[in-house]
Amino acid sequence: MAESLKDVLKQLAQHQISVDDAADRLAGLTISDLAFSKVDLERERRTGYPEVIYGEGKTVSQIINIMTALKGNGQNILATRISKEQSAGILKQFPEATYHAAGRCLTVMLNQPVPTDSYIAIVTAGTTDIPVAEEAAVTAELYGNRIKRIYDVGVAGLQRLLANIETIRKAKVVIVIAGMEGALVSVVGGLVAKPVIAVPTSVGYGASFQGVTALLAMLNSCASGVTVVNIDNGFGAAYSASMINHLGGKNGD
Amino acid sequence: MAESLKDVLKQLAQHQISVDDAADRLAGLTISDLAFSKVDLERERRTGYPEVIYGEGKTVSQIINIMTALKGNGQNILATRISKEQSAGILKQFPEATYHAAGRCLTVMLNQPVPTDSYIAIVTAGTTDIPVAEEAAVTAELYGNRIKRIYDVGVAGLQRLLANIETIRKAKVVIVIAGMEGALVSVVGGLVAKPVIAVPTSVGYGASFQGVTALLAMLNSCASGVTVVNIDNGFGAAYSASMINHLGGKNGD
Amino acid sequence: MAESLKDVLKQLAQHQISVDDAADRLAGLTISDLAFSKVDLERERRTGYPEVIYGEGKTVSQIINIMTALKGNGQNILATRISKEQSAGILKQFPEATYHAAGRCLTVMLNQPVPTDSYIAIVTAGTTDIPVAEEAAVTAELYGNRIKRIYDVGVAGLQRLLANIETIRKAKVVIVIAGMEGALVSVVGGLVAKPVIAVPTSVGYGASFQGVTALLAMLNSCASGVTVVNIDNGFGAAYSASMINHLGGKNGD
Amino acid sequence: MAESLKDVLKQLAQHQISVDDAADRLAGLTISDLAFSKVDLERERRTGYPEVIYGEGKTVSQIINIMTALKGNGQNILATRISKEQSAGILKQFPEATYHAAGRCLTVMLNQPVPTDSYIAIVTAGTTDIPVAEEAAVTAELYGNRIKRIYDVGVAGLQRLLANIETIRKAKVVIVIAGMEGALVSVVGGLVAKPVIAVPTSVGYGASFQGVTALLAMLNSCASGVTVVNIDNGFGAAYSASMINHLGGKNGD
Amino acid sequence: MAESLKDVLKQLAQHQISVDDAADRLAGLTISDLAFSKVDLERERRTGYPEVIYGEGKTVSQIINIMTALKGNGQNILATRISKEQSAGILKQFPEATYHAAGRCLTVMLNQPVPTDSYIAIVTAGTTDIPVAEEAAVTAELYGNRIKRIYDVGVAGLQRLLANIETIRKAKVVIVIAGMEGALVSVVGGLVAKPVIAVPTSVGYGASFQGVTALLAMLNSCASGVTVVNIDNGFGAAYSASMINHLGGKNGD
Amino acid sequence: MAESLKDVLKQLAQHQISVDDAADRLAGLTISDLAFSKVDLERERRTGYPEVIYGEGKTVSQIINIMTALKGNGQNILATRISKEQSAGILKQFPEATYHAAGRCLTVMLNQPVPTDSYIAIVTAGTTDIPVAEEAAVTAELYGNRIKRIYDVGVAGLQRLLANIETIRKAKVVIVIAGMEGALVSVVGGLVAKPVIAVPTSVGYGASFQGVTALLAMLNSCASGVTVVNIDNGFGAAYSASMINHLGGKNGD
Amino acid sequence: MAESLKDVLKQLAQHQISVDDAADRLAGLTISDLAFSKVDLERERRTGYPEVIYGEGKTVSQIINIMTALKGNGQNILATRISKEQSAGILKQFPEATYHAAGRCLTVMLNQPVPTDSYIAIVTAGTTDIPVAEEAAVTAELYGNRIKRIYDVGVAGLQRLLANIETIRKAKVVIVIAGMEGALVSVVGGLVAKPVIAVPTSVGYGASFQGVTALLAMLNSCASGVTVVNIDNGFGAAYSASMINHLGGKNGD
Amino acid sequence: MAESLKDVLKQLAQHQISVDDAADRLAGLTISDLAFSKVDLERERRTGYPEVIYGEGKTVSQIINIMTALKGNGQNILATRISKEQSAGILKQFPEATYHAAGRCLTVMLNQPVPTDSYIAIVTAGTTDIPVAEEAAVTAELYGNRIKRIYDVGVAGLQRLLANIETIRKAKVVIVIAGMEGALVSVVGGLVAKPVIAVPTSVGYGASFQGVTALLAMLNSCASGVTVVNIDNGFGAAYSASMINHLGGKNGD
């Protein structure tokens, strides 16, 4: 498009067309023609955040195709929800990739980001919440964030949480990950004065409804300062947390 | 915006700026600057369809303010979900308005549209569905459609429907409105070869869940050619039906 | 228990115990002792209806154990929700059993019931509803009912239903089986003046929610005279229909 | 229609038209013309059951209009869900009407039906279920059924039920009405060998969800022989029960 | 019944009837006749717990009728869900009654129960949960329990809970009452080694769904030793807690 | 039926029977006899649209049987929801069939329809929505529609949509297919003045509830002119779109 | 922590620091430091109840790791939701473990608890509820409770329940386990004067919604004295029942 | 507590007690005693954020009592969900209070906070979302944030949004408020690279389910960087946004 825009301008500069003709021809370009480059620049600015591939339901060859394209652009690569089976196939073609089994993620780091001074605290209620936490951890590190993991500090044993509360308080933003009734979110939200991003997990059975109960509980948290993402969405929580963690800080915008 | 675009072009034509400078300055205009006029024209073309005011939850004075603005533009006015109480207040200020009590609508007709030759059949299962049907009817007529009403032909008395089936078949598009189990939609859909737009209504009690049962039933209709709108959304059904009814016909695009 | 009751009475008659002692000892019998025989007689009367085994989730050996016990009592046997795999294992041990593949049922007929003159009409909307219909058919026949099958007469092709409506009307009770939006129930209910038992099936996809939509639609049928059973419950519909079909008739009570 | 059919036949008989012409002209009659009379006769046969007016959401004058039309046909009249306020207005115009306050019904009896020998047992769990039970009772009596009321015999006090179980057992069909968890249905279904029609009521609070819990419980009853109608649908239960009660009996078909 | 049983026995003792006749005549008594007295004794034993009237939806005169009957039996009276309006009408007729406005309960104490040594802790998350807590408190006291109130100790301010934890730990049984996300239940359940009965309340808005979120969260509590009652069911929680509090203690069985 | 009708007429013409007899005998024909041919003609007219087989849950031999019957009628064949495994078995017997793997459809084209001049735009939000889109595409082409595919233009990257908006605007009807939150529907609906048929897909996880969230979002679209079909129902959307696309055009009715 | 606390105190006692310094340094200890030991003692007191491993979703090696740690502490071990496959792997390493196949539990008993005199009655409606009941039974026995099993006494055959009612009445606390409509809970709750803990099971199909119907029904039980745990949560019911059974008794606190 | 801690330390320093005694007595202090002051300091730090009163369901006198207490502490006061009626009563007693009718909030500003340089953008889809937006606006300003309002820019008219996109992009954090299908969130999330907090509103009808559809749609947004709060929770969104807006900036921590 840039060319066609410049073409019009050049013809105008060379008096081959009048100002009105130029305006008409520019008007003849569709919104999308005009808008595209602008938005595109915006996209480029954002792609300091590397592109992300959601792996579930994709074949190994589909994933490899996208990865090859991204690598061609010199971008870091993050693929989430990658099973062990998928990873095996991918690693054959991308030996430089790293598979993070605990978080079911795969990364290719072409450029190592400089981590922030401030850190994101990633807190889980139980050990079964760890896959979601690790998806968040890998995501946050890829986006250049220092992180601290505080796992298995659910409220049924409050002393485990209290033993770690100072570490959580000193974070710039806190991700709290819990299934079942998700009560950890409200307790953490009541103890720290930082933004808390809550991730409900599908951990539980019966009336946990694959995470719906935790989701609803978190949306109704009696603690202020809590926002919520979709069930098991460790990536999304880390993406938002990274945006917040970079605000106004040394490595932020 | 057109001005600022032309300003740039004029300066280029007068060699006050280079082609590159012009491209830069055009790029400096935001998307919205560029996109606005284009989209706006699109909106203007669409406003052959008069603006619509959703009256529920608005005060009489809020409605009158919007109506005054629309009238200033010389547009026909349609306000839906207007209670009898609201209408009384409005009619004092807009004596030229007409209140359609059965459909809880209010219209001001500044320009009378020429109705289509083809017609929209508006079919209801029961008499309690009539308010939704009349909202559809008023909307369709405002948008310049001929309509035929076939009311109270629910499947519990199939002969009532069969007695009117030819009228329904000859329509260009059919709106079927039903509450409870919404079975009328499937029966009509099986008997006519025209697009059927189904409107679930909140008629019923107990496990009708204010129209959810009818909505779900319609989405699962065993008859092909059925699409569905929100519960009680007579306006939306008529809007879509009007678009379809105007396609390729004498008054269509 | 009868013995212990008689024991007490005999001792009283023989003046071995006083009236008060007898009353005390009878009072010493728990409710259940007293109630048991009475209820039991009731149960025996009902077991003109053979016992039924729900096969889902039971192992072949568990089913065979129950069947062996029932056979020892000289009862007809009906096992529902029996997979082809289960049936193979059972038939090895019970070569006299019959597997009804279409209805996923297995029967052992020790006593052939005399069928009723009146019949139950079993009506389905589609061919995918047939497994539920056949479960109903096998059940109804086992309980001594004449049945007529009218399959695949869904309302999307109303002529198929109308072509069979007289057969349905002459039934003493009608079972209507449908998935998706279940509209067939209302149409049949509006055309016949006999009790209609509606069976929603889990046929459908998306917003059919495994039969919930059909269930809700049937509960909200605009036709009077319709009652509903659980999703896919062909057995339950036939059980109720059999009770009704035997009322006041030649083979009824 | 009968006239137009006869007109054609007469013209044929008088040789004014040929056989082919007659066939053509009959074919020219729409389905509905042909079907109407036939279905209509069917409807007439059914209207041994008087027409029913659902009063909720209708104005007094709307109800009176329908009642006047029905009275003109010499039919008995049943209006359900009539509030005390509505009844006052109606009784001014229809002094011959009777308002059944407990069942929120209004009847006009032009012809007194001969009640059946067999009876319908109407059983409730609590006293708050009585409005639904009385709607059923009034309906059943209007349709010529003998009924017996057994109210307030919920399972929390099992002895109340057991004290009445013989009366329930001797009914030809049983209506069981309960809110909350609806357990009464399963207990009655296990103790009697007659068709049981279950009516969930909106009695309860919190997780009773206005009758949904009772509805679901009844659909999942472990007792065979149970069918279910919509929440609070006393009329529908009585309509089906009346059909069953009239089968094969002195006053049945 | 006892009489009729004894009558039979006496006639047998006096040789007016044979043993077989006696057995036959006893068999002629229905289950309910036999079972009634037995169950009734059980009921009498339970009525150490005074009868309870659920006031919602009852008229003042209905409530007064029941109260008059209970008073005739010399029983303490508890009426729950009594509005201020209802109480005014009742107090005119029952000046000896006490209206507990905070818990929307009304009591008439004819016999003052001796409270237990052990106590029930009643804990709420917020001040808006207090009506449910007071319903529980009035109920528990009526049933002869010592209680301690710990209100407004929700987890958003954990120090409020910790400041009272010893009082909660020393209770024999704990009732925890919370709306919104109900996290207080899990925190208390993790800190105390006593049975916890959780009461979700309808406090909250939006996705709290009138207490459903709290209910689900409590059912999924990660703390062991928690059981749950219906939304807003302060009475039910206190009834169960009273049973537990009386077990094995000075006033227990 | 026509024969029996003519038989009666002939006998009347030959004075073998009276007019009244003829009327009686015609009345003796059931509704279905009379109605069948009429409806059937209607069905024939519709079968310009080839019959469709829903493959899910059918065996290969069941599908082949239906296909053989349709082929005998000289009809084009469309089978939807055909797995790769099913297709292999079918293609052995129907080597003339084409399997459309992307859309999980199988077609046999005996008569090639002439495509319309106007076209249907098929728009998807993501690449995972493509199977549903291809089901729609194959269906639409089979029914004689020109189509244009605009895939992977979800709103998270608005420039992709804007770059294609003119193509979408020039369509006669637009199918928009999206999972997750389905926002694409509202954006397209706001930008084009043509009927939009929205297809929610089961793409997503957690609180997407297998497409329910997208379905609800589409039903509540703030853009007018949108109607909705069942989740993943690419066939149904194309069927309705085809009806609309043929209205009033060169190849329409 | 105790050490660091004592260190500060010793330095103060030796006048190495002032009172204010000591207070400052104690204040410098975080909440968790201070709180930990206190809570910990609490936890120790509770661990008279052995630790529990929830096996679902854990690998054999994960489970063995936890078991090894617990064994090192000399604790009894309970692992719930252990499949037969998991148990095989575990038993190789822990030959002293016992696998309870019916309850899908695995235990290692290092110290045999002295069972209570009083007992817990575990009651099921059907045979398919037994896995949940056995999970409860194994749990209760591990925690030192005498138990009595009363299985397969659902209300469809009330005599089975009545025959066992005295055994249930004499229990100190009753666990009632049922799927489908869960009516057994209300009947038992009405017949016994002891705390009833209800466990809904996922037994059923269609509108049982994997136990949700039973759960809702139990929450709405018309019998007082009933509390509820999550679907299939046999462990949780037994844990609460054990707490109650130990209250005030010989082996209680 | 500080006193009692110091008392122990003083006695130790004066050798009135031994180190072990001191440790014992400190251990004798409950968790809460120890923990309270620590947590309290934390609370004090947070109360730079003034206390908030949720007004719904509170009486005027209850609200005034809380306000009087807060005023005594010299704190700014924010009361949300205050109706016009409530405000009238409050203003009589608190003439210094300001009622923000559009946001249904009431504030008393004792200390004027210095607003941040960076700002929060508050964006709504429609005019009916404004009450929620104004609740957010009042909250954010009270907490010392500069804000910009961009109202009524829903996606049905995309040009309205594009015309304001630069203002939104330059915000430090964005609050997007929408009802119906909530599509605005995804479009904004795709166009800006800042944290987006989404607030679903209860605006809509039928299948909008009082905001549930918008809530679900937002949780499933295809745009990264979006987190969600409860329906209509303008306060909560502003609270989180304020935390983020103060991070690392001139007025932040």
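Going by the order they are written in, the chains are A, B, C, D, E, F, G and H; count residues from 1 in each one.
The criterion applied here is as follows: contacts are C-beta pairs under 8 Å (C-beta built on N, C-alpha and C of every residue); 3 or more make two chains touch, one makes a residue touch a chain.
The model shown is predicted, which means the values in this text are computed figures rather than measured ones.
Note on connectivity: the fewest chain-to-chain touch steps from chain E to chain F number 2. In the Cα superposition of chain B onto chain H, the rotation angle, rounded to steps of 5, is 90 degrees. For chain H, the chain with the farthest CA centroid is C.
The greater number of contacting C-beta pairs, out of the two interfaces G-H and E-G, is seen for E-G. As a whole-number value, the distance joining the C-alpha centres of chain A and chain D reads 59 Å. Distance between chain E and chain H, defined via averaged C-alpha coordinates, is recorded as 39 Å. Within chain B, the positions touching two or more other chains are listed as 30-31, 35, 39, 157-158, 162, 191, 206-208, 212, 215, 219-220, 224, 230. Taken pair by pair, the chains that touch are A-B, A-E, A-F, A-G, A-H, B-C, B-D, B-F, B-H, C-D, C-E, C-F, C-G, D-E, D-F, D-G, E-G, E-H, F-H, G-H. Across the interface of their complex, chain D is touched by residues 2, 5-6, 9-10, 12-13, 15, 18-19, 22-23, 26-27, 30-31, 34-35, 38-39 of chain F.
Those residues of chain C lying in contact with chain B across their complex are 125-126, 154-158, 180-183, 185-187, 189-191, 204, 206-209, 212-214, 216-224.
Of all residues in chain E, those touching chain G in their complex are 35, 39, 42, 45-46, 49, 52, 118, 162, 169, 172-173, 191, 193-195, 197, 215, 219-220, 224-230, 235-237, 239-240, 243-244, 247-249, 252. Residue ranges on chain H touching chain B, taken from their complex, read 128, 157-159, 161-166, 205-208. Within the complex formed with chain B, the chain D residues making contact are 30-33, 35-36, 39-40, 43, 56-57, 200, 202, 210-212, 215, 230-233.
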